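Chains: A, B, C and D, in written order; residue numbering restarts at 1 for each.
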Amino acid sequence: MIKVGIVGATGYTGEELIKILIKHPHVRLTYLAAKIDKEEPIDKIFPHFKNRLDLKCEIFDIEKAISRADLFLLALPHTVSVKIAPLFLNHKKKVIDLSADYRFQDTGVYEKWYKVKHGDKTNLKKAVYGLPELYREKIKKADFVANPGCYPTAAALGIIPSLVSGIINPDSVIIDAKSGVTGAGRKASIDFFYSEINEGVKAYKIDTHQHMPEINQVLSSVADKKVDVTFCPHLIPMNRGILETIYMKLNKKINYAKVLEIYKKFFKLEPFVRIVENDAYSTKSVAGTNFCDIGLKVNEDKGLLIVVSAIDNLLKGASGQAVQNMNIMCGFPEESGLL
Amino acid sequence: MIKVGIVGATGYTGEELIKILIKHPHVRLTYLAAKIDKEEPIDKIFPHFKNRLDLKCEIFDIEKAISRADLFLLALPHTVSVKIAPLFLNHKKKVIDLSADYRFQDTGVYEKWYKVKHGDKTNLKKAVYGLPELYREKIKKADFVANPGCYPTAAALGIIPSLVSGIINPDSVIIDAKSGVTGAGRKASIDFFYSEINEGVKAYKIDTHQHMPEINQVLSSVADKKVDVTFCPHLIPMNRGILETIYMKLNKKINYAKVLEIYKKFFKLEPFVRIVENDAYSTKSVAGTNFCDIGLKVNEDKGLLIVVSAIDNLLKGASGQAVQNMNIMCGFPEESGLL
Amino acid sequence: MIKVGIVGATGYTGEELIKILIKHPHVRLTYLAAKIDKEEPIDKIFPHFKNRLDLKCEIFDIEKAISRADLFLLALPHTVSVKIAPLFLNHKKKVIDLSADYRFQDTGVYEKWYKVKHGDKTNLKKAVYGLPELYREKIKKADFVANPGCYPTAAALGIIPSLVSGIINPDSVIIDAKSGVTGAGRKASIDFFYSEINEGVKAYKIDTHQHMPEINQVLSSVADKKVDVTFCPHLIPMNRGILETIYMKLNKKINYAKVLEIYKKFFKLEPFVRIVENDAYSTKSVAGTNFCDIGLKVNEDKGLLIVVSAIDNLLKGASGQAVQNMNIMCGFPEESGLL
Amino acid sequence: MIKVGIVGATGYTGEELIKILIKHPHVRLTYLAAKIDKEEPIDKIFPHFKNRLDLKCEIFDIEKAISRADLFLLALPHTVSVKIAPLFLNHKKKVIDLSADYRFQDTGVYEKWYKVKHGDKTNLKKAVYGLPELYREKIKKADFVANPGCYPTAAALGIIPSLVSGIINPDSVIIDAKSGVTGAGRKASIDFFYSEINEGVKAYKIDTHQHMPEINQVLSSVADKKVDVTFCPHLIPMNRGILETIYMKLNKKINYAKVLEIYKKFFKLEPFVRIVENDAYSTKSVAGTNFCDIGLKVNEDKGLLIVVSAIDNLLKGASGQAVQNMNIMCGFPEESGLL
């Protein structure tokens, strides 16, 4: 049983972390903080927590925080985490950061895409990229994990088996992504007003989204060569879910059965990746779960592999994966609190 | 053919006014203004107007405005209209104000519910409440019309035939209203973020909504005695539409056929009120139209009349009714641009 | 640990029962059946159960069924349960029936509203109406529970404290209900096609819904006199949730604080009823939970009490309440599997 | 002024045709028929037409039909049109068929993808494929037009300028399409139940959709060589709209400005195609209009052109385009009834 705190408890990923942790068998939630005007019971902010969690959401104070918990989940906006994470790390606390601040080993890439200087190269070196399917052994030993972005998680899991098995041309990867609106965070913006989103589908940041370099980093690291994907995200009128349809040129003649075998083998021991064989693939199958579902389609004539990768953006795409990382770091069964 | 200007062109009611007026056979849209940082083509603000309207949305300037149009539609927030309307009226321009600023003959009521002083009692006296079904003759002669609120329009049309025919007890009226989100206006607010609205229905401002005194004013004026309704609004995950379910105690034994006759007779000549006889009543039947649909249900045993009144909140509840008023003021056929 | 079977596993309430029971600490799910053409793994029917439940959904066979489980949940349409329940009861199995077939003690009422003869008056006498907040002691001893309807659950919990405390006039009750679409069950019907529901709110079965007599039965039983409410349901474009806005005439001068005290006291020991004090009441606060949230508003001048009662129609309104009843019948902690 | 009849008036495209034609300045709607049990006023079927159209929807009868109108719009399911169209053509009536039955010049392709024999090769030869941007001159002279499918319309308009200008590799075309649910027609099916669609996005018929060969036919005809695209459709929780994101390899070094010029030039005189330059492209800009909006993005490093093509599937994707074709066939201004 460990004591856990959440900083940034009032956003969508913070709310989801609370939902998971109040049912987690090895965790006691002991500290909540957020950028708010005055401290308030969490069930004033999220009324659904009434009678389920008796805890205040406080104004962040590092001294109070470190006295109250052993491990901290930072559900903060980009550029804020980089100021908060070092405070905890200096006090030997374990930290899982859900922002982008510690995801890029090359600060030049971070600074180009996020348009700010990176102020903490020291801790950046210690940060482990928290994709368990790739880096489980490192995560086990880590005190500081940078939790992956939502789009990159679905993309990496959908692409990597093909990439490492060498069946696709890394330069041919096209990712057409569709996301629900919670992916944008919980902020007042006219662009996310209900009626601006409802009854429309929108392509945005075409080939210029800040998750593209993150996808490229993880794929390049696996391929051991520079990979440069094409990435086009779309906003869908729904709360939760990401579906990525990934188009890749095959390097050689290979049939569906063989590709299926490659994917099944790659993820054989993974508790949260399912290779599915259906006629259609929907985010509904993963909604409310920490699973990533992967479907495959091969067109042998065209030499094309189409992969559909689906996650719940707030779970495997954020808070669920953060808890999965916490479980690994703390030696808990990896599924704890997530089934 | 008259020249028309819109002040407040970037909100939902402004956008809807433009949509109507670009197809209106007797109107040329010649001036658009809004609270914006710099002037821009209207199709930059609303891309769907590209190739449909070649007009700039300007920063409001009274001199420019009066030189460019004969009649002005003010699609402005409450408390702003009261500063703008007098400028036009002083220049002998016709004005239709879509805000609440000139709806209340008793400024005390306005000041109590809108929490601000009313600064223009002079023009208030000239303002005609623009509900054509009640005040068509006054509107014909008016230069200044206060366009009714969305909830009050549906309520008044649903209740008045019963009230004037004396079949109901005025003290028994309960209005349970359901509205789409555009009724709240187009503003950045976390409360209207897509995922806060989607997958939920919410009762708000129970018995305390600022449209309640407006409903009471119009009903009292018709009944010639003080009417005090119960009003409870609900927010529905949809863009457009209001459905009000109205419960009223009958004063006397009366059957469905007789009540139906009263309503049909009352609205016999009205172009935009339809008495409907279905099993179910949905806002879908009025979406995108200027109609108010009214359905009736009588429970003789309980002595209860249930009226369902449905409108499109942006049309009969705002911009459509404003154009209907404009048509009446200008002597155009009342349906012009609205069918 | 008991073995549980579900008959009618492919509908929305069946799916929800499975979701709850695979996490339930005292239950093993051992039998699933439904009206299907051939038996299939449940994860073929609901792909989200892949890797979460390895069980087939079978064609119903009473011999197989009774050999496989101790307690059966019937998630069947009305008129079907009455044929299936006796088979289990004859074999001394515990049964919780989610249909309306055993809810009415007076078969005349059932036959009038459901338009069919009732063929099992013997077992009807043994059926306990499964509203734990009223009948917990009877449920403890019962082998056969008739699980309440969704609308009646929200109505009963919202009204009963007022009724038993004598503060309201029983003849004045008006229930304006708003429900998501899963309340209609999972069936192919053009009326529930996505685009028929989306972007509209609909009043239907006004004062004629088959849940009205069920509400009247439970209220009359509590009041010990005939209660006859007015009930008007509405269909909302959302998957889950019921919000009922209930209007009642107060019998005497009483203020908000006193009414609040009555409700708090009445539900003091209830694990799944929360009296909430907010500005607004949304189904979002209860979505995905077994809670019923109740909000109160008193208008002393008008002598009116407005109660807002919110539930998740598939949980407290159906499957969650069924599991709550199962927990009570089996002596498990009442919250098991439901928090 | 011509008299027009609609066969298949009760589906979504039929309803939309009625909406357009009741406002059309050169048309009188004189005949409606559908597969129904008994004839009914159209406002019983679609209540929103009350007071807007006083016409019965009849059981189809060819003798009645031909006596009542000069031109017929067939809004029928595939395989039904092929039985109805010849009846009208034999009587020298003009026909616009919205089904797929007469879109394929090669019946082998039709029979392979629609799994039925084609029984009317005689009239097939006379059918002109009704994409005005390509075949306006043929449509002018035609008596029989096969109206294109929704996906093919958006695809063709988005791809053809690149194809005819030779800047892209025809074998590289990948079309990732997102559609609202009305594209599936109005039919009772559990797959389109509101809650099956809401809160999910689904990839379906991946690389196997029956609109793919239609896209290939029109592109091949333009390219004068066999084009074989990759097409993956997705179902979005919204009523109307199609957005296609199209990925194509460039044949040569070419920048954005040059591609933009090619598209602008190609569609210079087209009333219903808009080349737009925004940061994001949404179906909202075309909802309720007959426009096709096209946005462009060039990645010179990767030699990739991304085209976003958006239409309203019921207008430019079906009924709007049918009326556009009718206007061309009848010598009316092409925009009549469509602005």
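We take it that a residue touches a chain if its C-beta (ideal position, glycine included) is under 8 Å from a C-beta of that chain, and two chains touch if they have at least 3 such contacts.
All figures in this text were calculated on a predicted structure; none of them were measured in a lab.
Among the pairs A-D and A-B, the greater number of C-beta contacts is found at A-D. Taking the mean Cα position of each chain as its centre, C sits at the greatest distance from chain D. For this pair, chain A with chain B, the centres built from the Cα atoms lie 46 Å apart. Mean C-alpha position of chain A lies 37 Å from that of chain C.
Averaging Cα coordinates per chain places chain A and chain D 39 Å apart. Looking at chain D, residues 180, 196, 198-199, 237-240, 282, 284, 287 sit in touch with two or more other chains. Note for the complex: chain B touches chain C at residues 171, 174, 176, 178, 180, 196, 198-207, 228, 230, 232, 234, 236-241, 243, 245, 247, 279-284, 287, 295, 297, 299, 301-302, 304, 306, 308. Every residue of chain D that touches chain B in the complex is listed here, in rising order: 23, 47-48, 50-52, 198-199, 274, 276, 278, 282, 284-289, 291, 293, 339.
The residues of chain A lying in touch with chain B in their complex are 12, 180-182, 186-190, 192-199, 237-240.
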